[in-house]
């Protein structure tokens, strides 16, 4: 769509039309009371809109079509029957299949003992997938960066523990990747590769991960709009990998004064994303809240809003955790969250299936 | 708390201590490895912190105590037994008393017939309190401003209809005040006075409303932090009016690109505010979403997060509504929302009572 | 502009066209490759776009025309010759007339002596207009609210001092209004009425102030987009008062962690607003920064960006100021700012006159 | 600093003290009127504050010391004489040395001819360093990704042109790196390696780049606070590379409604960062504005605020540019910007040298 300035001349309009035709599209000119508007007929993605903004007489030029056609529910619907929600298999676990899925485990793997003790706890509490951080993204170079930072060998050992813990307790496993150097290594050990919020925009990394053809847990950056989040998802789908579980984990808090939570959980994003794409959307209340005492409430709210599951940080003794102790809950608390979330899901699920 | 610069001299520290003593507080000086930190013992609210920032050698000066002591749960707890949640009576309806309360009605009152028809519908759907906008805050001077804009007489007539509709269908009524000129008029007709998000910062107005000693529904501004929201609430409580129902209605959306909802519902604010104050916190999903199709999901999420109730815009025919048709749901849809929210509340309430 | 869903039927399109015609506009239907787009020919402001979003088959409905036609440079240009920048006379001072104008004075008037001493200082430093706060908007009910809070008599006395100080030192005067109760009183004493950021959205107040037909200094709210700011300005212009000086004073800071300034000065807004409207745009670096040591840099940057002037808080002894001492500069520092700003203005003015 | 809850017991305080001592620090306990505050004496960075938040009786735990000691002006000052601004040599060009430095060139290198023609133009206009994008970060996988996307050979060829253009016209060269796979290749060809806003958080990448021991142009992410930006800078300085030029390029726009610029230029960040660190801070007005017509104003504002230089996108024919034509200016326009910026710098430089 091209909106001309009110003072645009006929020649300027004609020039824009000519430019549009260069790209193989048809121009549809509407002459209004105040100004002329030019619609584009054809594949808008072929048009570099920024060019058009520079042409004389043009006020605005923008895309009407969605920039994420590959994962769009509306476009998918056009090319055949209505597209069902995509169900993604992580090991034996079905994500997006109707029942909420719970991913749980320590923020950071600290030792084999710690990991196994937590794995046992979260399994008993009802979790389906085991998480454990090995390459930790941290704001400060002076903080503990995870066992992966101790070199190739340390990383392999920790990944091995994660694999073993998963197998021992019957859970597929997930860990976060932080840089391109870890793609092969991580893909070898886990069932699900997590791309964290800070790497959301890292198109070289996400492309490389997608090529592994394994399921991906892809987190929204805390400063990213939904359109941007879904547009970047297309980088992975363009690699023929549609096993992407989207994850909302909180956006930047707004307003002055004290922050009462680490981020602001964007619960609105859950039903919005469910309507835009057939890919499942999960929530991480631990990083959003950054506070143990909010996990229960935010978990129930997320499931009520239609999230396909939750990823929650768990430690048997949060005081001792090397990273983010303040946001980890105990296995007993996790069990309470899971029970409540299942009840909430029962309360609303008839509607979700109808949407 | 005063944090000195690393290069601050002894004289500068002594000078700060002297200044603190001027205000009747005691200074507690800690000499650290890098710098000196000075704690304040006494009533911090007597100190104008901005003064201290200007003193030579001072790096930062900030309050450790909360700025909203009157409504703070922690301070209330110090002055006697733990404070219970405040239950506010609006007519016969108890807000904050354990069961979720539903306020519903048209965005704008358009005619007596429209109002009565909607009032009947929302009552049947299970609503407890009737809302109806008469003085509409609008972004454009060129838009319909509500029947209140037609002058004193028109305003009185519309308020009379609201009162009558409430009495006819057995519901207390609420309407929004927009300016100081409407305080007496509105207070005469309604059971609950709504102060909208755009007037949150209007300290002259909120003080004047509070003096009416009627219950108030006080909405958070879309750019306000929680601390600021609670600090402004103190203006009303300082007038000896503690019947304040707080209301979250969405904050500014973050990120570039298309906005998929009018605002971003800050669900995290619900459990945070419940922990900070004994005043009840409600949610307005209609203005947060600005989309009819998100109301169900956001309503359930809000109740799951611990909201004491919801305020929802309803119209029997959203297409015909003069204002905000796109965010209004029908009475039948309201009924579905209320039933689902009650089920969600059942699923989580054991926990809310324990928090 | 109405964008239909890809799956919209012919009947749905026809229905939208019929609806548009009801409002007296003409519909211009473009059938594209993926979807149909309907343009509106006629006065878009007659259309309640929210209605159209609710109609079956509609994906999006939005206005193409600007919502602030009365003050828009583009629309003004259409109705005759190109509109010149509006020059506003405040007493003898011309704002928007080419040379930068400096408004200065204490954050809060504390006493006659304090005010006169500062007035003398800022005059000597080169200021043109004297500011002095009498009704102070404050975040906490427990803070000093200005001399205006001491009742009608106290307010009149303080306003009298301001008038007298202005007359004595040959400067027109400005003070901030905070509530509708102060309109008559303030209009009697000052040459320019300031509407603060927190009251930007207060349409009853701004309308009432505009009716006084005096020049207005209108500050952007820290959470307001530019479109919203300009739309609300139309409330005043609709009262036939075009003597509105717009003022940017900082928006909410973004990002996590420590805030190094009170707000973020939106310098980009200056050239943007100059292109959108013929009304002049000024900057308040004091409230944006909240730090004395940033005033020089932000002042020069604002003038470089094309601001028509600055409003700066000044105190001979910031340590003693009752309000916001940390952001006030001394008269000597003001003089340095004014000299530098004039040099910066000289460096860029040839271009401003060309834009 | 640890702030205890008002109801904390003596045992809880003692327990916190014991925990602090475990980390080798000394605890300094202040018993106030409402609550106890515990200061830490020693190296705070050894303390995982999140642990302390979980301890019984603790309300808040936070760091008083800055998290970016390595680049902090205050800490540098403590370890010896006051640290001078760091001057960084990029080829023969001194960045941060007093005179503003201009980096200019095309957004994307499209061909050898295009690059040479622009290089010649920007040199003539007064630019010091040549920029040219080869690996383009793009929001959409369907957009042109730069010549670097055509494989190793294409990337080498384009980098070769950049090197040759720089040598031909006597300018050092800079290009943006996007992924770890490009580190060796890019380091071989350029004098300055740019890390773009989207990669700001990519700690694996920035660490790897820093190890090349070449000067780095490091852009702030559009959602990053200043503290976070400086903390991530420490990842590079920890690799013993202090040749980091910081760059502000706009933060997320705030507020509802139309965006008039791509981002909001955070001019306040310039003087703030100059006070926090001795590293130089530059501005990119092209990406901040996203509009050609704002470049002049924002450039002058940035220099007025104290920026050490500018990076500006230039194309001889913006309409033809393959990427971001709407924000590129012509060489003639660049010349006008440079002349004006130099005049602005003259107007304010006496002060910058004094700060």
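First chain written, first letter: the chains are A, B, C and D, and each begins at residue 1.
Heads up, the rule we're going with is that a residue touches a chain if its C-beta (ideal position, glycine included) is under 8 Å from a C-beta of that chain, and two chains touch if they have at least 3 such contacts.
Owing to the predicted nature of the structure, the values given are computational and were not obtained by experimental measurement.
A.B. asks: Report which of C-D and A-C is connected by more C-beta pairs in contact.
C.D. replies: C-D
A.B. asks: Which chain has its C-alpha centre farthest away from the C-alpha centre of subunit B?
C.D. replies: D
A.B. asks: Taking each chain's centre as its mean C-alpha position, how far apart are subunit B and subunit C in Å?
C.D. replies: Here the centre of subunit C sits 26 Å away from the centre of subunit B.
A.B. asks: Taking each chain's centre as the mean position of its Cα atoms, how many Å separate subunit A from subunit C?
C.D. replies: That pair's centroid distance is 39 Å.
A.B. asks: Please tell me the distance, in whole Å, between the geometric centres of subunit C and subunit D computed from their C-alpha atoms.
C.D. replies: Chain centroid spacing, subunit C to subunit D, equals 31 Å.
A.B. asks: Residues touching two or more other chains, restricted to subunit C: which are they?
C.D. replies: 223-224, 228, 231, 252-256, 259
A.B. asks: Quick one: in the complex, what on subunit D touches subunit A?
C.D. replies: 45, 48, 50-51, 53-55, 67, 137-144, 178-182, 198-199, 201-205, 208, 221-224, 228, 231-232, 234-235, 238, 252, 292, 318-327
A.B. asks: Help me check something: in the complex, which residues belonging to subunit D touch subunit C?
C.D. replies: It is residues 223-228, 231, 250-261, 264-268, 270-272, 275-276, 288-289, 293-294, 296-298, 300-306, 336, 340, 343-344, 346-348, 351 of subunit D that touch subunit C.
A.B. asks: Can you check the complex and tell me which residues of subunit D touch subunit B?
C.D. replies: Interface residues on the subunit D side: 1, 3, 5-7, 28, 30-35, 37, 39-43, 64-65, 74-75, 77-78, 223, 252-256, 259, 262-263.
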